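Chain lettering (A, B, C, D and E) follows the sequence in which the chains are written, and residue indices restart at 1 in each chain.
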Amino acid sequence: MNDFFLILSVGMCVLVLFCLYRGTFGPGVLNRAAGISAIGTKTLIILLLMGVIYDRIDMFIDISIAYALLNFIGTVVLAKYIETTGEA
Amino acid sequence: MEVTLLLEATENAFRIMEKARAHALGVLDTAVQFTGEQTRFMEEKRWQVLFAGAQRRKTRFQNFVGTALILFAFWMLLSGHFDPFHLTLGAICCIITAYLFHDLLFANVRVGDMRVVALRFLCYIPWLIQQIVLSNLHVASVVLRRKMPINPQIITFKTKLETDISSITLANSITLTPGTITMDIRDGVYYVHALDQKVADDLNAGEMEDRVAHIFMEADHLYVEDVLDAARIYDALRV
Amino acid sequence: MIRDSQDVIVKTLSRLLVPFMVIYALYVIMHGHHSPGGGFQGGVILAAGFVLLVVSHGLEQTRKRLSEKAAGVLSSIGVFIYAGIGALCLILGGNYLDYGKLSKLLPVVPAEARSLGILGVEIGVALAVMAVMFTIFLVIFTVGEFQEDDRSEK
Amino acid sequence: MLVKDVICILFMLGSFFLFTTATLGLLRLPDFFTRLHATGKGDTLAALWSLAGLAVYHGFTLTSAKILFIAVFLFLAQPTATHAISRAAFRCKVQPWTLAKGGEK
Amino acid sequence: MILPLDFILILFVFICAVAAITIKDLLSAVVILGAYSFLMCLLWTEMAAIDVAFTEASVSASIGTVLMIGCVAKTKRRSKD
């Protein structure tokens, strides 16, 4: 079962690479923000998978909750900045 | 001489009586008016009391207690320790937080129908999950074809929903259902970006809006169940 | 940025979310000694909750709950709690922040006194970090939007 | 034991498939709004499924209750973040890609 | 230590760092720094340093990004060179 989770997390890391392509080369801030928020969700899942692999999921889950709560704030603040200045 | 005096006195007396009568009439009129207003006010008050079961807001104290209880349940979920020391810490933290934020969690909530709303919301979730699965399959089928069958367009429609909660439920449901995301809400007009001509037509049918309105009991959407619920509340209050 | 958001969705969702965020931050602070986290992280999450409140509901709504003056006072109180516990241990005959000596004051064994001392220090650190982060945020974001006399006359 | 593992593996593979399609959509679709279609929907359901799989694998404890809380939270926050950023783009008058303007793809 | 994850994550962090310093638009650089902090947190977690990972997560995911956006708002966003 551990090997399965390990392969799965490596596969998710490869997906993070594709999102990172959109994050670095994507034209404009908005595309980058979309890519980065996708990376945030995948990061949360990879953290939990690592917790299962290390067999200490009760510790890793706190970091996941923190990400789930805080990832939202960054996106909202960025959206509000773009909206107030009016330049995309 | 005395006759004229007598006449004058009589006239005076009559004048005073006239004035007194006019005064008394005025007093009576105002009294009648006041009683009328009072009865109308009482009537309004009675109607308000009758409708209060559905429409009354919670008082500050109830807000405080409700927020503290919900937060304490959340604290017990987070903390795995159930000894008295940690429970006391949790109670103190919940009271501080509820004192700071007692008006945030329960703003614009109607009291009488909370249970019905929660029940209907729970019944709404399976339908929503089915829609989400369909939407993911739709996205997958769009993405995996070599020539992507997309024809993006912006559609607008006006909604009849009133409260905040129902409008955000509708907006998030639109975002999660196949091929559409909510772009903007201006004065009750939704701007929706649709991926395809077909999904745009589907959304215009407005099935989801009816469902959301049914959950939150909005005014313009009357259903049979709503009427039955209202009758039950009315009966309970009249007795 | 300081004015309240016109977006009903973000406004309503942050209204529902901020209390849970704050209680999660308090959980991180209070359980610092037997799970990851502690004063610093909890204080930062607490400040993030207030930042979300400012961004969605505007500065006026936030001032009712945590004003600038209160933030300044809280930062000093946090440092005072931290240094006070340390100095108390020094007075009781140990080293600085030697919590075992606190058992002379409290009716507990030294091991529990250590746990309580760490809890007190973490509360102090969290208060200081939260207040300072919130003040930095306000100073950066309100520059040029509000004058100084605006606040003094209220 | 075995049934639990099989359910977990099924959920995880499904979520991995959805993550893959969401990422492909992020790469292939022509403009910003259509890319949001891919990430906003795909990531929500994929994260939900993998959280459910982990909760099943871990069994019925307080930790899986926390995992379910994360799921509920993501279910609320992900569409809202998508909406916030698409609204910012719409207010800035970013022109959406249309079939007529983009021509034959 | 999980070796395959280690190399992949270090590669990602390297890509993010190079992208953040070569990009012209300051707001984009801030957004890429957000991704940098995500991957850095994964790296710390993978090396089993949970407390450091928690600090990285809580500080740079919320307050760091917000403060940097505030600083960008007070300066000229697009640099000329």
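Note that contacts are C-beta pairs under 8 Å (C-beta built on N, C-alpha and C of every residue); 3 or more make two chains touch, one makes a residue touch a chain.
Every value quoted in this text rests on a predicted model; they were computed, and no experiment measured them.
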item	value
Touching both chain A and chain E (chains)	C
Co-neighbours of chain E and chain C - touch as defined	A
A-D or A-C, whichever has more C-beta pairs in contact	A-D
Chain located farthest away, centre of chain A as origin (C-alpha)	B
Between chain C and chain B, distance of the C-alpha-averaged centres to the nearest whole Å	35
Centre-of-Cα separation between chain E and chain B, whole angstrom	43
Distance from the mean Cα position of chain D to that of chain B, given in whole angstrom	31
For chain E, residues that touch 2 or more chains besides their own	50, 53-54, 58, 62, 66, 73
Multi-partner residues of chain B (each touching 2 or more other chains)	78, 80, 168, 171-172, 182
Residues of chain A touching at least two other chains	28, 33, 35, 58-59, 62-63, 65-66, 69-73, 76-78, 80-81, 87
Overall pattern in which the protein chains touch one another (line/ring/star/complete/other)	other
Touching chain combinations (by label order)	A-C, A-D, A-E, B-C, B-D, C-D, C-E
In the complex with chain E, residue positions of chain C that touch it	1, 36-38, 40-41, 44-45, 47-48, 51, 133, 136-137, 140-141, 143-144
In the complex with chain D, residue positions of chain B that touch it	77-78, 80, 132-133, 135-136, 139-140, 142-144, 147-148, 150-154, 168, 171-172, 175-176, 179, 181-184, 191, 193, 195
Complex interface listing, chain C residues touching chain A	1, 5, 10, 14, 17, 20-21, 24, 28, 35-37, 41, 45, 48, 51-52, 55-56
Residue ranges of chain A in contact with chain E within the complex	6, 9-10, 13-14, 16-17, 20, 23-24, 28-29, 32-33, 35-36, 39-40, 43, 46-47, 50, 53-54, 56, 59-60, 62-63, 66-67, 70-71, 73-74, 77-78, 81, 85, 87
Residue ranges of chain C touching chain D (in the complex, touch as defined)	7, 9-10, 13, 16-17
